[in-house]
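Report on one structure; see the data block that follows.
Letters are used for the chains, namely A, B, C, D, E and F, taken in the order the chains are written, and counting of residues starts over at 1 for each.
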């Protein structure tokens, strides 16, 4: 690729992907609403508020591929979610449609299905059960991506990310952890695939406990290499196995199912 | 019920339901953004812009049930859809949550699945395939309703309405027509059911050609009585059988699949 | 048939079937643990405790078909259920195996699936979810019937009866009522079918609200004729629509899901 | 239509359709390998051996629609089946491809699934289980039709006909009978449908005992009107209910499952 | 755990688990109807007849977890099965209900599905097809466990054990062998899982030939480590590949499908 | 085995199997329509045109197993396909039926499903969608094999071979490559299995990108060992990733979906 756009490039996942995916394009256009003062040699910073359609249009121009990590990453006020994840996503797809439809990897979330229990093994074709406004905004995003695919041929990999962090930090995360390396290898496959279409993919490493069936996207040949199992004994001691009957123990969405409807931005949570 | 709220009460479907469902409550609160100067004796007009959260909160107060037909009813600009169908729906559910969670019948749409072909027989559990921004907004709405149900116990009947008009006017409508009487009998069952949950229901009469499997909501005991078949011969002559290969002939969403992304409000269309 | 055996012949359903199915055989052997002093001309009383294997062996001898309604018909002490529905059923199948394997219609129950919610539409192939010891005993019975079929070729129609009474008496029964006439027409089909195999059949009339999919036994050509709908308005007034959130409103098994484990026989219940 | 081709026009089903479907086109081209000396006013006889590709090419020229009943209608020698049902069908599709791809109604058969038991309720998407060479030839035909659809856009209605006779003559036929009138109404829907695609349809009347799920073709709006039930009591007496354990009683294909591999043409059989 | 109960502790599997799972609790209460004269330091023997409800009540008191291997382990007389596997199991669940509902691992069996053929790949949600009275008693047990879960919140891991022996001894056992180590690691996961629910689990090692789909319990993160493959060449020589057409070759239940209904206890069989 | 027949023994796959499977029988009868002048010590050449039924009958006589690779291996004229793959296959099954029904491994093809897209993950039970006359002839062959199994007990392993070559040579082949060693190990399992039945098996190595679900034949215990992944980087450079939108990129059948209906034999193609 000539130019790959990474939105949300100042976030943890954005930074980790910039380190790992620089070889995918001659130039990596990095974008965020937060400052980006650490650009590498082949990186091209582009400050952008996703809610600003003109800015988004310019941001997408000239890009051959998009890693869309931007937007609100967790439960928040409806106003924030509306601006970033709904209005912002529409801006992105309109910009892509007007600029040659570069492939998009769209970071959706396991919180589209947070109200399935942990003993339910689900495929990507089962109905969504979002656990909050954040999850509902991702349902909109998935529908939007599907629509742009069927209507305009815009290809998107919808990746329902579990928890993409340096390492798992709770027992629940043993089931949903996605390592940075596995996220990176997935992105490679998405941009190299001869045919992508518009698959929904569970973004999760090769952990032993499994909630999600990824066979529908097996055609991509993505095989995650990391496993959370090496962290199990440590995490079972600290922070410990969650209480039986708690949301952390029972629901795929964990603590999100308990969230209130926020009227002001929540402080960061560890789930 | 003491008070039943009907939103979109100045529209065709709203008017038709006001005529048929007055007996369901002592008072029918009728609401619309358009003027409501034809209130009947037991009707209580309440002008309201759904995008105004305070107004919506007052509108819902004191209601035991809600027929939510309000919002943009067809493909439109993103700004319009965002205000009415996304922000407006969130306002409605927040208002319901704060006011004792009256049962809601939410008018969703067949345009959540417009990109299925007409030779596909689908159930409510199959993934959505919206055919435009309008359809994508309804995907958000269905996700929101599911979330309020699982999180707060708010019951909703999600009704994917086919085409609710006095009579079918095209050959495609022979498959998706929902008569006013059948819509009314469905509403009765929804409000009388001992347990509602949060079902998704195909809002369609007992037409001979069928695209949709309603067995998942058979527990409600709703049995539509009307059939489009009596209009077939007339419609096959005029406007006539759609051309083979046209969207009207092939896709469940009909002409919606051809719609552009509107930058200004479209003129009304007959599909 | 030469001789048709009806067990539980002194019960309500037994009596109703004796009135309707006398033409199926030259002699109707009627059996019960309770006295049978009202035998008709072609009826042959045979008092029998199902827990007595020798008596059961004699009871079955010479019969070409068996309508097995005997046993405990509702939640009860484990001792009662064990004797009648487990030991008794084993006695019956052993007797049938030793006496030419007459076809059996086995009265199983909707309480094998009582822990499905009323908004779940289920087929006979979905896992059982019994709501008490009575329901669990029927799971044993269904397994026993399947085993005798696969191992010995013994044919059985496993009929999961909803509520077979003269008329429905609660709103929940609008969904599960089986009229005596429909039960009788089912029995006719079962004994006349060229091939029966070992189907599981939902024993329910053609009611409007439906929980159960009977397509797997459509080959029998049984089409129930009665509908509970004519009783709806009366029952919605009295005893009335059950409270939202009550077991009567939510679970297929109704009040059975609330039953304790009985230590002495319960008084008759109206559910 | 200008011209509708009916092959196998000298057979029973061909004759019955000529009587009922003359209104579908200005001219009905009737074809058979047997003599056709009873042409009606708007009928145009065309003698043709399906194994002769040049003749088939001329036969199809100028036709807007094809009812393909020609070929060997039952189990036969492999040589006969090869010529008529395999080579002949290929000739037909090649001719159609070269002559504007008129819609085809292809008479397939229940003998594609003859090795399902009668207590199995099957849809058109389940794997075929042919019961003889005739059934296997129809598997080829169905595959060929699917291929011409996906590769060239040739539309076909694959109709798995049960038993299309003036009336059912055996108890097994109570389940599979297709009346001439229902066959005719199906043909009308097939040729009038805005979009046909390449559905597989069970060709069976509205009989009470059902083996086959036609929901996948419900979009055509075909609703058969006749039922075999009026013939039941007569047929249960004569020829009588088939013996338990016989192929007539157990298999969907009836006596075909017992057929040998013929080395010379079999005499006509009544199954 | 403070105290873990192992029933059937004098049997082969019980002994093997005592050796491997001593670390799971401070005290292991070991119980059997047979003598237990080999108790280790942290083991607490408790002789108990499962049919004695008072004894079972005392046996369960004070336990935090139960490994229930007790009962008749193979086909037997109905009287034996009734006492141990039906009455005994009810006693166990009643005791658990009265004593704080410790988690139970219940040893069910592949003989609940013995009448599936070996070329059928089945999940835990498919209907049971028991191959004898032993298998039918396990159908009762599974139903009972499900009922106590839904009704009282009692968690159980229903483990359908294949063949838990030191090593496989027949070719059929190559498909169903469960090593002692894998059984032990499964038990660990069951007692450590934050949420257990009431899953049905195929108790089978990571053998190459597979009949059973365990994805429904993948959430537990149990990954068996052993494989029967190392024993293949030896077993194919001796005792040798079973005859084509034999029960050992065709049915999942192997020789159990041929068992008679025992009237006296069978001698031990090697299957 | 005493004697194993390999048809198509002069072809690439035939030769590769002769090298690897000589140990399966005392004598390997090798057959082809092409000359076989390289017979090894235990090989018994038998020149045979599959269209010649008498020759085929002699070819099969005395064989205990058949590896059927003979016939036209790719898209071709209908006349060639008819003779080799339809008439020839019928000759083979008739010969097998007359000579003790030796087990057959029948080389079917992925071109039975060539019109599925590459992003569809399919099982063997989904309907076929052949991509040409070659694929349609294999649909006939699969039906024929099923019929001989149900009717006569003839066991066949239907192997839908992806691309069995020394190594993959295109990017599409990374998904469908079957190594010679994996083909050989599959053949071993097929001939050694105690029960074979008539499974359909995807003949594909353990490649990372997967289109096909082989769980239905997991009972055979076949575990392919090779993976195409080692060839990926080379093939992505040369011949390179196929153009987006090309048949090579989109359809499982690759270039076959573009093939014309041949009127003379096509030159060999590299797909």
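Rule of thumb we're sticking to: contacts are C-beta pairs under 8 Å (C-beta built on N, C-alpha and C of every residue); 3 or more make two chains touch, one makes a residue touch a chain.
Note that the coordinates shown come from a computational prediction; the quantities given were computed from them, not determined experimentally.
Here the chain-to-chain distance from chain B to chain D, counted in touching steps, is 1. Shared contact partners of chain C and chain D comprise B. With rounding to the nearest 5, the Cα superposition of chain B on chain F corresponds to a rotation angle of 180 degrees. Matched by residue number, over half of the contacts between the chains of B-D recur in the interface of C-D, chosen from A-B, C-D or D-F. Chain centres here are Cα averages; for chain B and chain C they lie 42 Å apart. Averaging Cα coordinates per chain places chain C and chain E 32 Å apart.
Within chain A, no positions touching two or more other chains are listed. Taken as a contact graph, with one node per protein chain and an edge wherever two chains touch, the assembly fits none of the named shapes, being neither a line, a ring, a star nor a complete graph. The chain pairs satisfying the stated touch condition come to A-B, A-E, A-F, B-C, B-D, C-D, C-E, D-F, E-F.
Partner chain E is touched in their complex by these residues of chain C: 78, 82, 86-87, 90, 94, 97, 112, 115, 124-133, 135-137, 139-140, 142-144, 146-147, 150-151, 257, 261. Interface residues of chain B facing chain C in the complex, by the touch rule stated above, are 192, 194-197, 199, 215-223. For chain C in complex with chain B, the residues that touch the partner chain are 117-121, 171-172, 174-175, 207-211, 213, 229, 236, 241-244, 246, 248-250.
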